[in-house]
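First the structure, in the form of structure tokens, and then the observations on it.
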């Protein structure tokens, strides 16, 4: 009887067919997130933001009684040859450096993306002109251009340095964006959006940006590092920030000096902080990029 | 050494010395005033001995007539330029005329020669120099290298290619110049005096201090001037020797008396010295390689007057003195008077790292004492507006050089607008008087007056630390060096290089 | 032993972020020498994956979950990449779904063919060139000499498809997988390519696995037809079996959906609903929710294969002895079949 | 063909004109006294008249347009003026150092890209395996190491401790024509330049390649029986070559401006330091020349890249990429 | 007879690849579509169907000839711009490849909402959602698709999303460029049925492009066949 019941025709959509789904995948997805990087970066950022309450010494003071001391309980990361407390400088300087890094990145990304999109969407003639202009600007060695503009801009502040660095380093990003946009702009969804009457900012924001974001992610993230490095090069050249504003960049030039004096703490600690920070940022950027589903390789 | 291939007598390899040098743009004694190369390629009528006193060089002898203010120099015979041409009195006249009359020349030293009214050459071996005013330091100034007339006459001294292919009469001959890389000189075997023993000197251009230290370590250099910190790494290493030269190079904060703050507060200049722990500055910024400074002639062996007021570190004394002047500490810990803060800026040029450090440490010490000194890093000095400058000066030789032009009212180097009638008087007297005893007396007085009303807040004298390989023998620390420790090669003819 | 390919209970899955995608589920089939087997099914039912898993061209996240692949008597399931490389091109080759994308856009057509020849046969460049030209003649490309050194973008879709075919045939394979070789082409081109395939198959005695979702196309070329649904084969038989005596409701649906079957102005017969996701394929018969003749058991249990004749079998509970008799809906008549075949 | 070349030359000339104008104006807007580098500290002692006369001598008293036109006029006749600092013709100074920089730059440039391509191919072949992951991590870390620091560290290791390599200079004195010697001196600077650029380009090329191996033609190539290595090498690389050449074209200044650090650390005589100094001390003529040279290099290489791309990929010839897009829907 | 909605008059569309070679993609084509009419356009691959559609949509400027929408000559730049709003709202296009025509980074909801948002169709957020749900139901999709990305949909579902989007603004003319060519038979049948129902219900004019004549015969009121850029048959 029961058997026959099974063979009663009930037709389509009689009930939903489901199979129990194991929940393990949620864990796996969470695991793939760069939790560790986020944590480390979070701690670093928090430390820099709350530098005042963490520091146990004044970052730009010279503790002349404690020259060149290795890390100890009073000076957690030791002191340099002028008696400055490296621990405090790290946090305080991190604030300046990260500010310059991030805002430089923001500026160059904004300019680069906007310029690149505009050029990519423009008719051939305008596009050509815009690209040649960018090429012209980028043919002047970056440092040289920064130097010239900084000297016109007057006394450097973190903001002006970030602005100048950002304002002079967007060209290669613009070029990448442009070539991406050139590829995307012929795609049909852009045509659709256009034929529906979408404005340029709308197309840029909803259609172009999300689609080339992954392509420029690495360039954007690594521009944070190049902004920090450029600032340190400027410090090295003596054109950087006023002395009372310490940054990781000025710390790096300190470590150059200390190379022969076996003060490993002066050499290593700032470098480690910079590299770790950048690595974390890269990891997170990489995740953001990878989060967009990519087909698997055909190889 | 990098070229061990040339053979030489046992135990001695005088072939090539590698010397770490800064970059050169020109090699010309009247354009480069403190550089090593012009010193050894060119020679002057006079030269300095170990003590820094002028003695004859190209001149065989000289006489001075105080009434007519005339020097008559007899020149050495048979001296040859490196290109083989004979050296004449004309060359001397040409050089001095260039210094005094050239329209295109813009060198910082021309002021030293402005008393020369005429130069004549009665014959090939005699030069007659007539002065318009007495100048006791003239013999010092005549140590300037003599330029060859036959190569430079009618040319623009500033831009002529001679500056890159110098021909002199000195101990070493210019051989080649690889731009940015090295300048090579070899010994002048026709030299009229003691011929140097080291065949060849390579001036390796290594501008970066750390790179220089590393090259020294890696054996690419034989002798190099290093900063105090880097020198530490070589001390006690048997593979290296360290020469600690005294230098007449000092650092001070020089107030600009043209700005209102200092015009109103001249008295502060001296007192501020009490607030600076100079020993600590030397220890930290100079790695302990230096001495605290109290006067511009402090390292002058003959003319120094140690018995002047010193303004050594004494915060209590500073407090009393400054409060005696009516300053009262404000709520922020900075002194105030009549609503004005005890606050001024100090300018430092961006490329001078050790000065920046000094300024920063000094600023911190001042702040602790209640003085607000702001450090400004600048690219270009503007003496019209700056409030004070972290100055570096040196008076290694004649006391006139490095005092008169700095402290006399309206003198060419007196950018700070310092003016003190008594100082002027003694400096003038010392300049006019050729008699050493009288001069000494005048300089003693000058130093006393200057100490009472100082022009600078003196900080420290630097040391010049040269690191060399042990096989290099001969450098003598007897001589007090000048700015940037220039002058090690003053006795280059005595240097020898052992085998590596 | 003329079974050139045997699949035994083959299951292939993909690891994805969402979970396991079961693209091929328990598929068994055989292919004889000189036979044309058509695989028919909706998009995403696993046709391409099936072919690629035989050639081991699946991406790294795919894995053979179960079953074995036997080619010309050799079990190649566990073959290493190196050994597979020798088989690819010679034992079996493949014509991919999209001729526009499967040619390298920057390399001249001729070179792409020669590459294949040089790879598998020790011949000089000149001979390879000669052979490549012959192949281009074979696939009916006009003026092959002139076109030999042109990049693919100078070619129309049909011409490109011919070139891909030439590449696939270059190393004289025993077996060819043709993965929807005509879908992207228009009707005239489609007909040409199918005729060409048929010719070549006859000439070279090839075994072909022909993939399509268009029964009309299949009717023109196939000896045997396998209908796939949601990773499984639901019905398999000779072309006659499938077209004249289909047993699976899904096959009925497919046959009825052709537009030429309905007079103008009418409504096309369609199968309601969407094919299931293979991410978590449903329990029971996957077709049940779209099947007007579904029985309760269809929602619970996977139907087994029922043999209808020696060549014909189908997996549906309708063939079970206990099932009620269902009158097959009216299908294509003889003359309509002519119109598509 | 002639028209093609003519067009390229036209672009070149306009480009150089605009570039020189831009830098000319920028340099002169920057505050500071160019006389300072000519006369040294002496400038501070000059009276106003002397100062004026000196400016006149250097032709700095005229209005900007006049100065610019005169500069262009001279430059067209091959006279680029004298360097204020070196007091010699700017071209002489530049030529003396340009060779060194070009040598180092070219070798660095070539090795960066050769290594980048090799690494990228390697990473692509082993995508998502531990080798790839390790290379990526290492590459990123090395890329982030500050070049100053790395340079000094390398000297410490290879010259001071191991005595394997010279620590500075472009060649041993007097052996400027000894290529081997030059190479020996170039190894350390090269290592710094390569490490500070390598990963950036590797990563870009790697990404391009990863996109490329996801194309369908790869599957066809694989079905032919080609190995993964030869697919990437013969097919994918060829297809990403246009992107690589365009990246290479823009990277020239990137790599050239990287020489500054290297020159400072390794006392390598080159134009990097020269250009910085010239900008810092308002050595206008030298600055202009340096910028023109790098500008010419960039535009030439980008024109070259364009030409190469057009040869590699005929689709590029007409209006870039769009036509291909259209053709796809054919 | 209903009024003429779209009129294509002697339109030519040439692409010059280089100096010596010009593709004559569309060559002197004329036809008209009335309100509520279904016009089928057939032709083999490369015959210029898509190009014609794009020219009508003002994506290309015609080399010669004119396109009239109602009484406006929309192929002329100034006139197009004067009536841009009306045209953009009332002419919608559905592309052959639904995967390419849907932005892969937008969810179904965002995709369908986009034209509504551009035209400020509703005043509140819930109203937008309401409208999207309505549209989804119209094309036979469940609301559970709202937050899915195009990659996660099957071809048929994607095509439905495209259709829903093109219907969002209730246009008077829809141009469908081979909307079912890449779909398999059963899905194709579903979509065609859907088109027919919608067309009957909403009474929009329809330019339907396909290369399958049997399909066209089935759906359209009139058919044009293109061959190498020319319109060769009008039935």
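Just so it is clear, A, B, C, D and E label the chains in written order, and each chain counts residues from 1 on its own.
Just so we're on the same page, a contact is a pair of C-beta atoms (placed from the backbone, for glycine too) under 8 Å apart; a residue touches a chain by one contact, two chains touch by 3 or more.
Since the structure is predicted, the reported quantities are computational estimates derived from the model, not experimental observations.
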item: Maximum centroid distance from subunit B, chain identifier (CA atoms); value: C
item: Which two chains share the largest set of C-beta contact pairs; value: A-D
item: Between subunit B and subunit D, centroid-to-centroid distance (C-alpha), Å; value: 40
item: Inter-centroid spacing, subunit D versus subunit A (mean Cα positions, whole Å); value: 24
item: Centroid spacing, where centroids are CA-atom means, of subunit A and subunit B in whole angstrom; value: 49
item: Cα-centroid distance, subunit C relative to subunit E, in whole angstrom; value: 32
item: Residues of subunit B engaged with two or more neighbouring chains; value: 210, 214, 217, 379
item: Touching two or more other chains - residue numbers and ranges from subunit E; value: 45-46, 97
item: Contacts with two or more other chains, residues of subunit D listed in rising order; value: 31-32, 152, 156, 215-216, 219, 222, 264, 280, 326, 330
item: Contacting residues of subunit C [partner subunit E, same complex]; value: 41-44, 156-158, 183-189, 213-215, 253-254, 257-260, 262, 264-265, 267-272, 274-275
item: Subunit D-facing residues of subunit B, complex; value: 2-3, 25-26, 31, 104, 106-108, 110-111, 158-159, 161, 163-164, 176, 178-182, 184, 202, 204-208, 210-212, 214-215, 217-220, 379-381, 383, 412-413, 415
item: Interfacial residue positions of subunit A with respect to subunit B in the complex; value: 60-62, 64, 67, 81-83, 151, 237-239, 242-244, 256-262
item: Partner subunit A, residues of subunit C touching it in the complex; value: 17-19, 57, 59-61, 272-273, 276, 280-284, 286, 288-297, 299-300, 317, 320, 322-324, 326
item: Contact footprint of subunit A on subunit D as seen in their complex; value: 11, 15, 18-19, 22-23, 26-27, 29-32, 124-125, 127, 140-141, 143-149, 152-153, 156, 200, 203-204, 207, 210, 213-216, 218-219, 222, 228, 231-232, 243, 246, 250-251, 253-254, 256-257, 260-261, 264, 272, 275-276, 279-280, 287, 290-291, 294-295, 297-299, 302, 319-322, 325-326
